[in-house]
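Some structures to go through are shown next.
Here chain A shows up in two complexes: once beside chain B, once beside chain C.
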Partner chain A sequence: MDGLRLEKVKTAFDNGDEIGPVSFYLPKGEMMALLGASGSGKTTTLRMIAGLSPLTEGQFFFNKTDISSLPVRLRKVGMVFQNFALFPHLNVSNNISFGLRMEGKSTEFIQKKLDWIINKTHLNGLETRFVHELSGGQKQRVALARTLVKDPDILLLDEPLSNLDANLREEMALFIRELQRDLGITTLFVTHDQEEALMLADQVVVMDQGNILQQGTPVDIFERPTSKRVAEFMGALNLLPGKVVGPKTVDCDIGAITVSNMLLDQKNVGDAATLMIRPEHIRIDTNSGNNDIEMQSFPAVVTSARYQGGIMSYRVASGQSELSVRQDSRVRIAVGHDVFLTFSPNHVWSLPDDTLQ
Partner chain B sequence: MRSLSKLQRVAIFFLITGILGPLAPLTIASLAFRWGWPDLLPSIWWWEKRDTLQVPLAWDYIFDPVSRVVPAMQNTILIALCVTLLALIISLPAAKVLATQNFKGKSLFELFLAAPLIVPEMAVSLGMLLVFLQFGLQGNLVAIIIAHLVPVIPYMVRVLTVIYGELDKGMLDQAALLGASRYQIFRYVEFPLILPGILAAALFSILISTNIFLLTFYVGQGQVDTLATLLFSKIRGGGALDPVSAGLTLVIILPGLLFLAFTHRTLKEEVFSGGLNKS
Partner chain C sequence: MRQPHAKNGNLKSLLGLIPATVVMLVFFVGALLLCIVQSLGYAPQYGINQFPTFQYYQAFLHDDGLWNSLGLTFYYAVVPTLIGAALSLFLSVAFAKAFKGRGFALFVYKIPLAVPYLVGVSIVILLFANGGLFARFFYAIGVISSPGDFPRFLQNAEGWGIMMVYLWKQVPFMTMMLYSNLLVLGREEEESALLLGASSLQIFFYVTLPRLMPALVGSTLIIFAFNFGSFEVPFILGAGYPNTLTVEAWRLFDDADYARRPEAMAIVTFVTFVSSLSILAYLVLYRRFERKRGRV
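Then we have the complex of A and B:
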């Protein structure tokens, strides 16, 4: 079980608020996203691992060694802050070599490492610049280089893309992903943006109000949320309450829906259930020309249609419910049209019971 | 470079006149032998009478041992430097705590800290002299230095609290994460970042210390000359601005000016390298 393992760690703020207990396991060399709204305790979790927020309970390990009681500077944990916290009185190369100089490494060693990381982070030619002469993306790369040059065991990134222009984000996301794979460094990053989490992470942990709601792969979190909160956080707009009427069948407002997921098997006829269907998994069509026996169709009316480049975003009314649908914009259906909603039983997810309140 | 608008020019003219204006008549007076109303310039200059009179005049008098100006200057600078150093040692940790931490009675403490600025200097001076007399601590430099700390520390703590308030604590955390020890964090991150603030506070302290008359006079019991006590004894006779008083007034500006010239480069470089906390 090489990697980072948190065991019921807790911390408290001055005002008495608590974060935790937080437990998760991040395998060595993988990248994990801590996803949550602001105030969910995700940055505090990073600070606990870095040693900047003292633990009140629990401990954590890296490769079976307890590092939770080590002083900050001996943990081999690198962290890039949201505002980068670059030293304004030092130039780029002195910022990057800061950690090595503090350790008293030899000049040749420092120069060798400096050349290596400057190449890796594409900072050539910027060595003598000062922080205020750098763009947002360059600052990000200097902050990464400054941390990575020390070969930390664990890399922590606090909202790594939030300080960048929209057009830079994807580029930087790919850059960070490649660098992380290349160096094989165990990485944990914090984000409030679900797309960012899905794009970058091997593992996603969803946090809310100081607790972990769900941990899993991006596909798990996106398609098989274990609670309504997670489903909502991942942008699942279609949540349909209903009643179980038979094996794998739930009677909802729009009609009887067949569900093929296992969780429903544990329920009895007459139990309440909440179904989730992602907007991308519903197809709408003006005729019911649907020969696929696996699919199910329900009549509906288009109440709004928005063009979003390659995608059309619709709202459709069926019964008392309104659903969101996203599909290819090559066929555009106008508001007011009668349509049929079509989706596969495989794409209907029944949320577990405990989340119905 | 963009040329200045008319309004800007007028503003700058008044600014310069306001600062340099009072210095011009002082400079002229310090060089005059006779400068009576309504003459725009002295009717007789000092150097015209320099060879004919036996006693030293104007600037000659100021630099003559009889006037005690040179030792007073030395005392003034020595006191100002000691006061500044001690005040920094006391104020830095205090300001850091005030800026970064909350504790019970903080606002009361801040009010208490401002007390020396609210209570009249006369009361402070007399009270302090009474206490100092008990310990036989009067009429020497040490007594004056301690006395000067009283009005200097409140100013200094205030300036430094603002500086510490603006310091991004993330910088210090980051330095620790990069493996710096507590000493290294202070030496290589915290100190360089607050240096401009320290210099500004030191400038304040030097200006205040060189200008304090009452405290110096009471606690020093007239035994220790500083530029301020010399100047006051010089002008107590009447309102007339004789060349020596005028010259002394110019000399008293010197310590602050010297310090400013000395630190100017550091302050300027700080601005060029991005100033305090621009990241």
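Then we have the complex of A and C:
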């Protein structure tokens, strides 16, 4: 199994707090997001891999070689810091070539590598500029170039888009994604932004309080969370508690809901269950004209409606529950309107028992 | 258009500056003007009223001992500043790293800042004088045959005693300035250099030192200016001849003949002029250096 494999790595802070044990596997050439709120331990995990936070337990491997015991300089790990950590006293060229110069590479070699990476990162024409003369996006690209010019095996990115303006984020996200695919470099990045994680990563690891809650593909994490905390973190606003009343059927506040995922098969009639339905998977209609026998419909009343550009965000009351619904803004429904909520059993996810508290 | 409350805010800020400005005008600018006026021959309190005359400047500028005094003044100003800067750099970088007993070290190094220079002078005399503790200790263990054989550290031409006092007091000051700068700047650039393959020495010379340059220049400027104009330490621990310019000025000021006081004032004015010129040259060179590397 080529790639980066962490085995129960742990570190401790001066105050005694611990992060870990953290274990995951990132296949070679893929991109993984460490997703979590502030203080969840994601940046510390990155620092452990870089060698900036010493391990108290565990080890990690790249292509089956234990690199956790190697000195920082020999790990072939590159890291781009959240605030870029560029050297303000050096121009773009000297920032990028810093690592090569420290290694004592020849001038010809350095120039060749510089030309290559400057083209790759679209920094042509900025070579003689100093850090204070660059925009946020340019700084980000210089930081990337400075790291990539050393041909690291693993690229670590700490909140790569958080210091950029909203209009630059998507552009930079695509740029990073393309560059990563082009170079085929194993990349791990840290983010607290779900959208960023889903947009960029092949694999997502959700962290909380120094531990991993779930690892999976973006679709797994988004649609099939294995815990309530992951579901909430991924913006699943509709969690409905209820009781199993029959095969794949749970009686909730809004009515009996049919569920198609297999987790419910392990439950008996009378057992408690919590269902998750994502706001974008619920359709809101003013009549019950639902001809699709696969779909299920429940009456509700709109309690709030917010316009959010291309989508409308509704809060609707059904039974004793309040649900969130998001749908295309071309159809708008006023507050107080009686409506029907329609969704497919395939879009109802039953959360595992051990996370219901 | 500027809002009325913005005008009020500016006025308040200006009013707030008045106490400091008055102190500066009276005690600094006023004293300097008085000194210049006296050096130009206006000192009716001593029965001298020849304003304007340069005879007092001519008197000391033609003195054979001037260049020795000027050289010695520069020596006492520059050498401890350079040694202090090197020691402070080492200490500030060491304090920025985690080690056992760091909290205690951070407390202890600041103690000399709260103690007057004259206490430092007393400590140096008690420890390093020929009848001092070290002399007696080495005599007691038989290393020297009498306390008088102890090497002469004080009141010698090299000014070891003067430098020890300066370093004892000034290294903590410079360390505090550099260390606080390191704390503000953070460690990410150094960590980044480490990940890029730089060794500890390379990180120090290519990352830490350039980042600390503004603070280093600022602190060495303050120390140089203080040492250049310092009087009490070279007066007590100096060799006697040649004297630093300030000690020479004091000797003339303290002369029984009051007519020599304008000459003392001429030396003090000269010290101020040379010190300001040196600082200006230092700043110009530093600005040029920063401009060359694109920082300004």
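Going forward, the second predicted complex is superposed on the first by the 357 of 357 C-alpha atoms of A that agree within 3 Å, B and C clash if a C-alpha of one lies under 4 Å from a C-alpha of the other, contacts with A are read in each partner's own complex, and residues count from 1 in each chain.
Basically, a contact is a pair of C-beta atoms (placed from the backbone, for glycine too) under 8 Å apart; a residue touches a chain by one contact, two chains touch by 3 or more.
What you see is a predicted model; the values in this text were computed from it and never measured.
In the three-chain model built by superposing on chain A, chain B clashes with chain C. In the superposition on chain A, A:Val72 contacts both chain B and chain C. Of the two partner chains, neither chain B nor chain C is touched by A:Pro225.
Using the contact criterion defined above for the overlaid structures, shared-chain residue A:Leu52 touches chain B and also reaches chain C. When both complexes are overlaid on chain A, the residue A:Asn83 reaches chain B and chain C alike. In the superposed model, A:Met102 makes contact with both chain B and chain C. By the touch criterion defined above, A:Lys139 lies against chain B but remains apart from chain C after alignment on the C-alpha atoms of chain A.
Overlap of the chain B and chain C interfaces on chain A comprises residues 14, 50-52, 72-73, 77-79, 81, 83, 85-89, 98-99, 102-103, 130, 146-147, 150. On the side of chain A, the complex with chain B involves touching residues 14, 50-52, 72-74, 77-79, 81, 83-89, 98-99, 102-103, 130-132, 139, 146-147, 150. Contact residues of chain B toward chain A in the complex are 102, 168, 170-171, 173-181, 184, 188-189, 192-193, 270, 273-279. Of all residues in chain A, only 14, 50-52, 72-73, 77-79, 81, 83, 85-91, 98-99, 102-103, 130, 146-147, 150 touch chain C in the complex they form. On the chain C side of its complex with chain A, the touching residues are 98, 188-189, 191-199, 202, 206-207, 210-211, 213, 293-295.
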